[in-house]
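Once you've had a glance at the structure underneath, I'll fire off some questions.
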């Protein structure tokens, strides 16, 4: 297994011996992962393998019980201040978008900057419009999420995260709730983001995306990282039986 | 790492660590630690609550003290000195306030029980009627429901009592019906008085019930064994009614009727249904039935049409479909809201005080409270009764829901 | 090869149209036919005398009982007392204040109920925060050059409305806190909320009113005294907040978990998350529930007659005791019933309409 | 300080009255309160504030009345309340005198031809709950070996109404109220009062225990009205009477004598009562007596020197 | 149109000039259909064409207004006894399974035999277990329907019908509510059933199934039978434009 050598001070996210249980169920088993600044990581694996759980631990939507998670040099502890700090630095995009339906697209985007970062509204709106343009839907700013298609909603969700100017972006199966024709719109935006050098951890089964932008692909099973490799190697020359099996299933369709 | 290794490792999840997180390198300030913050907040809350309780209690004690009001429950032993028109246990003016509590409580139970039975029957009838194919039946039921649940219960009680029942004739001009007398003082009907040999009839009734239970069991066993179906409800009904009737005839009809007679001012003898009771009962029944009907309708509608189709497709006749498929599923939906309707009815029976039916609130939280001035004790006891009732009900409901929950993945 | 779509034939005559409808809805089998006939007969038999009494033989015009001589209903009784029924003993020169407060309330609610109108947030904030103050000064006066009208002069339908509206509006914030408490992860907060809610929901309103009227004064220092109406309102609010809490809880539960998580992921704190994200959405879902509890409370306000306040029911009943008008209690009760019914039925229809709308429209394109 | 202090500070008197008992306290169609009990309130206001109109009337049900007084919601309870030992001793209140010597009586329908309560064996009796009436009724029937069925109502109107519709054979309450309620029956002529009076019901204003100054004020406001009647001073002639030579009248009208000092009132306090409210006889006649629809005879409520019980200590 | 000649006495189901209206809406137009004993018929057609309505008329879940429906020689009339008789002979499997959720799988299966055919419980249970084995879920007998997957539920529904020992089985889109991997389980069971010679009328769009087992495929549109043919001919050489259009759509994916 090749471990890209990254200098300690350049790490965006580091997981050291992370273990997590749901009740008695051991869901994350001794996870070690280092993500350098500007790295793009794709995480894949069968359903229930703990992919979501892992990335949700990174911005503390889930609590882990053992091990250390260090984001931008800050270690995640009980400390609310630190958690807030980390959540400000880490953006997250969900499978089901989770836009706020009672707010317009623009309001969705300026909410966190205004209330968390205390940016004046005018400034927050300017930033928001800038990001909405980047995801190519500035004309939808005044609409409500319910009036947009799934692909548009997911792009708004990405813009909303970007408005907080995060250092790291987490994506949890951002395209899996979308119809095929919408997947492309979202992937295009993500690829662009990747090209601009954003640090990204992305749970996805879109292998095309992985091949195009990922620096590393991580394969998880039963709560462990089974294999970790750069994409070309990963797809063409998987090391583990389990990976081979998984890839054979996934590449079928 | 070989694949086998991983597999082996995967098979053994480790146990949950006992002590949780490793010791943090720097102590988190407590106001930033959600756990400690929660503790602090709750401690503050408790302190505030404690202070509130303390100040209420001390104010109350001060107030009572300065007004020279005695506290404690010793008043329950004092003589009440007032009459109660309806009592299920012996009661005279010379009995204690404690006994007025029991009398009131029993009267509450009486009107609630009567109301629950009648409202259930009427409510089920209306609920089913509202789903009828017959337009008039459905609309009639809908009209009933919409009218009666949108008018305050108290108004309905007043209406039945002051506008309807008080318009009845005086005792001298009583309407006579079926050996009973209806007048503004209520309905007086003959009271059956058992004579020697009546025990036989009671015995036959018990026998009939036991025999029915056995019969139902036997019928089930036989069906399981041979497949033949025995109409056990009809047979059971026959046994329960027929046996006592037979015994009654055989024993030479050992029952006499104590007929009400106009003597002095009122009818004496027989049984008299107080108009206050009737008004309250009517109003509670009519009002609650409207709500029960909606509950029943909801329960029946909650059984998907596909269930009926599947039963039909299997060849189950309508009656059996109802008994085996619809009712068991509808009841799961109906029973929880139905119990809360029962509870509402019981609580609503406290409106008795408005028309002088001697229920718990009227007798105990009314007259007794006034005569003794022991507001705190009396109101607390009254509230405790209703509270206990509702706790028992929700306990029952939780148990029921747990038992009845449909198994799901 | 083309195939011909056969023309749709008209349905057999006896299955459609009026006849088909009657066959299906009135005479579907012997049982149904019998029911139809019996109900039709009873309806005609029972309704005719009622209509005769209430409408045809009724007296409508006049100003004393002499006008009621025809043997039908005496609506003159209602007519001459209408002002009292609506305003209680409120000085007649000042009743415009009640009208104004009421019209203002209706206007605000209408604004909120019509989907098209803008500024919903600001209007609802005004309704919940400032309207009560405006209404308070309008009703009780004592400032801004309005004469002081003591609460014991309030009565009739306006008092009914005051009790119900204040009861609901004031119970809402408590209900929200209790509901949040009940969903809290802090065990003490949770159990206190549960106990509070279950206790109030377990006892009849009447004992609560008794408590408010006879026990409440004992709980406060001797020199503090409350107006009777205020005491009744305190009782109603304590009671109602428990019911409100359950409505709010239902609304909160209907908000998908993703909304909480998205708010967390953006770094919003608990209260910001609740106030900016969760409650605005939950409130919308709660409206039918709130309307339903309002209906229940609206009906229940009639109980205040038992502690001696003159709401609509009480004042009509008292009027029926007037020697000039003895014997017209039925008309009075019918009038009260009609007033309550119109309001309750209207509101319940509205809440059903909302429920349907939420059911179908939730999460869809607005 | 004390009740007087708070009344003066507030600028009006809070007086607990009934929800409406004709002749004693009843709001007219405009919501203005009238009645004998109301006149007591007005007298106290005239004495303490110099203006009989400065009263806020708080209507109370029988159930609420004592708590309302105890909790300070009202300064004085002037609400057809019977003076009994238990109330004086256990409820933390003091009765300040008797405005009306009443007794509990019975109304029955004339056509029954009854002559005495003793003939009511087995009758159904309508009664208001939570009053001494209810207890007296039970006591009286029990001690006379009679049986009866009580039907208990929240208010006297309901009890009377139910009696009217035939729910009961008899209706019992204090006679003063019985007359008032009788006027509201569908056929007042068909209803008679039985001659028996089964209890003593001295009705009077009550105050909280422990404020002796206030107790005195209420007591002497009432006495001032009685003394005025005894001395022939009325609201009409009060000003002329100031010039009277009668030392008693001089003291009554505050020209001479102890004046208001001991009570911490203005010197003309009793003059104000007489001037604005009138003397006891006037109040009686206006509210319950011959000038009113109730047409109650003075009877035992006449002054002591006219064969009644009403007697006030001298003002000196 | 080729009409396979089937002898009158060997007919399992016959529809003669059946017409049905929903209110004013003419939903079945002059339907004529003869199904021989042991024949397997697949019915397809666009949505709303009346397929469900037609097969639901056969066991009188819907009433028709004109024409005759004859099942096993018995003509459907208002007569309740005859309707019951026919329902006993005709089993039906629904799109949404319609299992009784308050009864276990086994109880679902023995209910009708016990209460309609008056079979002793032991015997009914033995039969039920036999059919549950045939649909390959005997181990689920004690579970409740809610605890099974969709495919398992549908197999229970088939077993439940079979327990009544029907002569004819009706299927109304039995697989359309299932996830792809479950469809196969159910189709396998149905194919087996067909192989054993059960008379079947099956509304389905599973063309693979039609090709494998159907004796005849019937195409309906706008309440009429448009085309009727043996599967090979039907798929390779549809006669009518409407059929061609429909097949072109269906075979696309």
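Here the chain labels run A, B, C, D and E in written order, and each chain numbers its own residues starting at 1.
What we mean here is this: a residue touches a chain if its C-beta (ideal position, glycine included) is under 8 Å from a C-beta of that chain, and two chains touch if they have at least 3 such contacts.
None of the values given here were measured: they were computed from a predicted structure.
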| item | value |
| --- | --- |
| Chains contacting each of chain D and chain E, listed by label | B, C |
| Reference chain A; chain at largest CA-centroid distance | D |
| Furthest chain, CA centroid comparison against chain C | E |
| Central chain (by mean CA position) | C |
| Approximate Å spacing (C-alpha centroids) for the pair chain C, chain D | 41 |
| Where chain A and chain D are represented by their mean Cα positions, the distance between them in whole Å | 83 |
| Inter-centroid spacing, chain E versus chain B (mean Cα positions, whole Å) | 48 |
| CA centroid of chain B to CA centroid of chain C, Å | 26 |
| Per-residue multi-chain contacts in chain B, two or more chains | 63, 66, 162, 353-354, 369, 375 |
| Contacts with two or more other chains, residues of chain D listed in rising order | 63, 67, 70-71, 154, 161 |
| Multi-chain contact residues (two or more partners), chain E | none |
| Chains that touch, pairwise | A-B, A-C, B-C, B-D, B-E, C-D, C-E |
| Touching residues on chain A, where the partner in the complex is chain B | 1, 19, 21, 23-26, 29, 65-66, 75, 77-82, 221-224, 226, 240-242 |
| Chain B residues within the chain A interface of the complex | 1, 3, 6-7, 9-10, 13-17, 20-22, 24-25, 28-29, 32-35, 37 |
| For the chain C and chain B complex, residues of the former touching the latter | 24-26, 28, 32, 35-36, 39-40, 43, 185-189, 192, 198-199, 201-207, 210-211, 214-215, 217-222, 295, 299-300, 302-303, 305-306, 313, 317, 329-330, 333, 336-337, 340-341, 344-345, 348 |
| Of all residues in chain E, those that touch chain B in their complex | 59-61, 80, 84, 87-88, 90-92, 94, 96, 98-102, 111-112, 114-124, 143-144, 146-149, 157, 160-161, 164 |
| For the chain C and chain E complex, residues of the former touching the latter | 1-3, 5-6, 8-12, 15-16, 20 |
